[in-house]
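Each of the two complexes below includes chain A, the first together with chain B, the second together with chain C.
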Partner chain A sequence: MLLPAFSYERPAELPGALALLQRLAAAGVSYRVHAGGTDLVPELKRDEAAIGTVVSISRLEALRGVRARPDGGLEVGALTRLSALAEEVRERFPVISDTALQIASPQIRNRATLGGNLLVDNRCVYFNQSPDHRDVHAGCFKAGGEVCHLVPSAKRGAQPLCRARFVSDLAPVLILHDAKVVLARAGAERELLLKDLYAPDGIQRTQVAPGELLTRVLIPASATRRVHYLKLRIRQALDFPSLGVAVSLDGKKLGVALTGVNTHPVVLAYEGALDATLKQACEDGPKRVAPLAQDFFSPAYRRQMIPVLIRRAVAVLSKKDTP
Partner chain B sequence: MEKRLVKLTVNGVAHERAVAPAATLLEVLREELFLTGTKRGCDVGDCGCCTVLLDGAPVLSCLVLALEADGAEIRTIEGVANGNQLHPVQQAFVDHGAIQCGFCTPSMVLNAVHLLDTNPSPDAAAVKTCVSGTICRCTGYTKIEQAVHAAARACTKTP
Partner chain C sequence: MTTWQLLGKPTPQVGAVDKVTGRARYTDDLRVHDPLHVKILRAPHASAKIKSVDVSAAKALPGVRAILTGADFKRTFGVLPISRDEPALARDRVRYVGEPVAAVAADSARLAEAALAAIRVDYEVTPAVLTFEEARRETKTPLHPELEKSNNLHKQVQQSFGDLSRGFADAAVTVEGEFRFLPVTHAFTEPHAVQVEHDGELLVVTSATQVPHYVHLALSEVLELPPHRLRVVKPHLGGGFGGKSDPFPHEMIAAKFALVTGRNIRLVYEREEVFLSNHGRHPTELKMKLGLHPERGVTALDTKVMIDGGAYGSFGVVTTYYNGVLLQGPYPVPNSAFQCERFYTNKPMCGAMRGHGGVNPRFASETLMDMACVQAGLDPLEARLKFLHTGDTITPNGFRITSAGLREGLAEAAQRTKWKEKWGKLPPGKGIGVACGFFISGSALPIHRNELPQSTVRLTIDFDGGITVYSGASDIGQGSDTMLALVVAEVLGAPLSLVKVVSADTRLTPIDLGSYSSRVTFMAGNAARNAAISMRKELVAAAARLSGRAPPEYPKPGEPESPFRLGQRPPDFDSHFLGPNPDYRDGWTFANLTVTPDGGAALDYFQVVTAALAGRGILQTQGVYQSPKLEGGKHKGAGAGLSPSYSFTAVISEVDVDVETGFVRVEKIACAHDCGRQLNPLAVEGQLEGSIHMGLGQALMEGMAYEAGAVQNASFLEYKIPSAFEQPVIDLVRCPSVDNEGPFGAKEVGEGALAPVVPSIANAIYDAVGVRLMRVPMTPEVVLAALAARRGR
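For the complex of A and B:
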């Protein structure tokens, strides 16, 4: 599969990169940010998006690595590779490390970055395919067309809703650590809770605005609560999550974050006696998601597995609590 | 689009080539440098057959733009043997019947070479992780895992 022609920029410094993105955004040039490229390169090979310029941020060394923050928390550069992330946070946040090691394959983790994982494209069996495969069907909403093959009754309307599913493994885990992301543009920065980064639509996907770059992920020191992540998939390597369940326990607080079964991560929070909160989470979880027939496992099975994995994760966390 | 210069050191030999931004490292290795030991399977990251070592770490050359590898040290399967002397990993693959059609072998061998360089006595889990990013349609993996364990023993014996 050949890549389409594009122009390529690889700025050496962050301010230069942000100025370039601002220029491209202002001129209306279709550009894409390239971090590790493990999601973007296949996407471009499959011709999923019209592309003018690829802006590679891989030389921005300032965005690579894990640093301690004055408040005792961690700051992780968006360009930190998943293999390096797994090494560097193993002591402080073993669950983040274990989750990173469940993504894709060793070779991919040596290129793939944390920022790219949080911004990975949503997946749909009808869209993320070679052009030949895609051309069998009429172009769907995400391709600018008039239909959604997953939800044929949906009308395009002014705001078409694409139901391609959210698949990042690290997002649910970091959300339960109360992580924030820093979005930078020329001359300014904003901080957002990670859980607020996402949009409920498989086309827009995130709140990252034209000209913006995700530069850092902030994990507060208070996030020492126990978190566990379980990933449902057919093979224990290479497969995206058919369902991913992250669970946190913190005194009387129970948190759940789900991936793979909706257009964005679904977050649930409870407070009270564990028996009651757990029962409630197991009831709510399957109701709050909208899995569609876009995976090896049926939507019904993925729904049924939500309470199973929540209970399993709570069992693991409870065991860790009692020394 | 306009070609750019890229400098690569491949198996110890320095190369400089003008490449289009859309050229992948895999295409440059195979089509410009004629190093066809690196295989093109799926071309989108699923099969692992295009693995090379980039600055020492296994990566998928079909997902790396050639320009992203500017200045890098690349090791391909052609750079593993020492002349006619097979690397212990290669010898173990031959001895254990860990090669059938051979399409996945360059990737399996490079991943194993990297594993033994970084972890001379890998346990079963480490070996499974090492083969997990490459699809083998022939062997069923068992013999490949046996070969990697055997290579680890052979490497720790030779001083």
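For the complex of A and C:
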């Protein structure tokens, strides 16, 4: 497949990049930010929709790398490659490192970035197809059409309109670390809890406003919190999560974040005796998600596996507890 | 036995360095001069009438040089003469989503793609036939009205041998099952590609194909061009597995564009288009009943199969037979019946895929074998050991089994895996299972009935001593070029570096029928060996002159004492009978570039070559392979599955089953494959590891997902081929077997090992968790459902 025609910008400095994004946003030009490109380029090749501009941020070295923060936490540039992330956070946050290494393949991790994984486009069997295939099953809402093949009753104006599923592996793990993202725009920036970044719709996926750029991820330190992540997929490489379950334990607090089974990460928080909170999480998890027939595994199976993986993750964390 | 210098030692492929350094040129890498680029418009409907195709707007676009539609091709084609039912471009109607409808040749791929959007096709959508139930139904509008049938049955085969009811009466236990298999596809690395160049009157078609000869024949017919105006060349090729063993529409389209425009043509498929072309393993529903006696083995086997062929014939008639006839091994089956029906449906066609037709029924028979053994209180491995075919056997349907060396291999595999200590004794969730298989080494009958040898090799030695092997055999990554070079170098005592193989070029190389049905080592290998022995005779004559000795007297051929010993018939160099597997002891030794008479002084190879060239300028010999005339039987379809030799395989799988998630982890596989004598153990290892990997994929995860006839997972991300993480630890066990007719005793290794992989995993799952799975792939959900059903009972 051939890339469609678009204009291409590759600013050298962050301020220039932000100014460019602001200009494009103000002019109403459709643009996409290109970091590692492992998700974007295949999508561009498949996309029939006209793309105005692709803005490559690959020269913004300031957005690359991991820095220690005074509180013992880390600040990670959004452009940090997944392979570098896995390497550099291994000591402080081994679970983040392990999670990064469960993404895609070594070759892809050498291109793909942290920011790209957090903002990875939602996926659906009806959307991630060639234009030719969309001639067979009419283009869906996300592809600019007027139908949802998964929820045929959906009409424009419905919330959510699109059920394409959220597939980031790192998001649930970072959410349970109370990570924040920094969204920069020309002359200003704001911090947002990662869990608040996402919107419950497969098209309007995030709170990133036109002209804004995700520049950094802030991961606070915690002496007591431990997180574990389990990824369900048929192959132990390449595949996006059919279901991803992150679990955190912090004293009396149990946190659960689910990926791959809804339009956005689903976060559950409990406090109390572990027996009770665990039981509750296992009951709530399957109810709080909306898996649809858009993956290798059936919706019922993915639901059924939620308590299994929550229990297993808790078991791993509890084992680590006892020296 | 002569001691081998090169054969039997692990030898890397002759093109290996070029491949890993990126120097090897595949079809897509060729830079033909100033080509037109072709893109294909494909049908968005599974079934529709084409009311009109309007290309006028597309034709008017800048850079568009020509457009083809179904009206531009008068003749349909197909690899089998009995089912030439496929058009290069659809005429009147489309039969599957993705069927080529029109094609554009333009100055760039981008312009061609843009022009596709400007072609207007007016379709009248008609009801699609997508399931067996729909295909069986009476209809006035079958997919192929030319067959004059009132339903969509393409081919029906029935055979029976012995007395089935007596066989079941004879059995101590009888087991049966209904099995279902999803369609799987080859998933080779290199997408289809073709480039066409003009060379004077000659049309040079370079294509990623397993079968240059058949492509040549089909092009000639479809283009209505005399065969001598065509040359088909296969450069380096990135995998086929049966998926490139048909002539394809894109080859017809590209060549036609070359004729119409007078320009060079380039056409390269996207991955999605490869999935739409398919030709993979047929979706299958299968009922089987097996009777077993603890002493006499399988007493009866009754098989009823339905296979979903998709829109066209391809190899389907052969597949239909192979679903039954390959069950005549690996154990004697005195009483059997099978029926197989192939249906046309509105889906991309199915065809030949590694293990052709034998894989799905093998799953059923080896699962039932396991069940029967358990019921009869037999150890399933020991029972198999006991019941395996022995060599020198004729099966009830007339297959002549020459060598059979699996018994020793399976016994060794049992020891190495500690089967006795494990089977039935592992902790819950852990299991071990065994299954066996049986496959052909090429088909004794060619697709086109004619008197040509199935493989011919031309061999030359030039002034510099360089040896060139000319063979039509297609190296598709399996290493046939290396095999040819090794065989010739071995006979002539030359280093591999002296041998150049020129292969798969229909103008330069003599006919070999192609790389399919595991025929190349057996047939082209024998042809190469025979050419080399003839060459040896030339060199011996020259060497005798140089050393003042009398040339040796070669014996005349005698009749073999038994049909199993055709290979012991001595060679007759004068009548060109050199095989099938002659020895060549004539009082001379060729080794390390010397030619030495018994009890005499060594002569330098180059000196001998110079002497042999005197007055002739070139040394040239030929060797052929033609299957012995095998009787088979008198029944209809007796030729199906008839092969000069058969391979045997046993696979032992060890699994870990997660009862909460249903995930099956195949931890270890031991594989004993009787491929006769191993000519190149490294190539054998590669083929077996590949077969195991492919079997693992079909067993656990692969399946084409269709919705309304459209392939929903037409990508390597969504069509799940196992990754390196899923590949088990593999232990390959040698079988001490020598085939009398195989070249140097060898037989097939490319396909046979795949089939038993799948049921060995199923049988291991039974050992682990006690459920019998009859749905393939055995995904975690299938496993969980079976566990839940057992708990519910």
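Structural remarks
The rule is simple: the second predicted complex is superposed on the first by the 315 of 323 C-alpha atoms of A that agree within 3 Å, B and C clash if a C-alpha of one lies under 4 Å from a C-alpha of the other, contacts with A are read in each partner's own complex, and residues count from 1 in each chain.
What we mean here is this: a contact is a pair of C-beta atoms (placed from the backbone, for glycine too) under 8 Å apart; a residue touches a chain by one contact, two chains touch by 3 or more.
Since we're looking at a predicted model, the values are computed, not measured.
Once chain A of one complex is fitted onto chain A of the other, the partner contacts of A:Lys279 are absent, as it touches neither chain B nor chain C. Touch criterion met: A:Met305 reaches chain C, while chain B stays clear of it. In the superposition on chain A, contact is made by A:Asp135 with chain C only, not with chain B.
Applying the stated contact rule after C-alpha superposition, one finds that A:Leu2 touches each of chain B and chain C. Look at A:Val41: by the touch rule set out above, it reaches chain B but stays clear of chain C. In the superposed model, A:Ile108 lies in contact with chain B only, and not with chain C. Using the contact criterion defined above for the overlaid structures, shared-chain residue A:Val125 touches chain C, although it does not reach chain B.
Counted by residues of chain A touched, the larger count belongs to B, out of chain B and chain C. Once the two complexes are overlaid on the shared chain, A:Leu238 sits against chain B and chain C alike.
Once the two complexes are overlaid on chain A, the chain A residues touched by chain B in the first and by chain C in the second are 1-2, 236-238.
Contact residues of chain A toward chain C in the complex are 1-2, 125, 128, 130, 132-133, 135-137, 232, 234-239, 296-298, 301, 304-305, 308.
Partner chain B is touched in their complex by these residues of chain A: 1-8, 10, 34, 37-38, 41-42, 45-46, 54, 56, 58, 83, 104-108, 110-111, 236-238. If you check the complex, the residues on chain B that touch chain A are 1-2, 4, 20-24, 43-46, 48, 51, 54, 57-60, 62-65, 67-68, 111, 129-130, 132-134. If you check the complex, the residues on chain C that touch chain A are 42, 44-45, 97-98, 109-110, 113, 270, 272, 660-661, 700-701, 707-708, 710, 712-714, 717-718, 720, 722-726, 779-781, 784.
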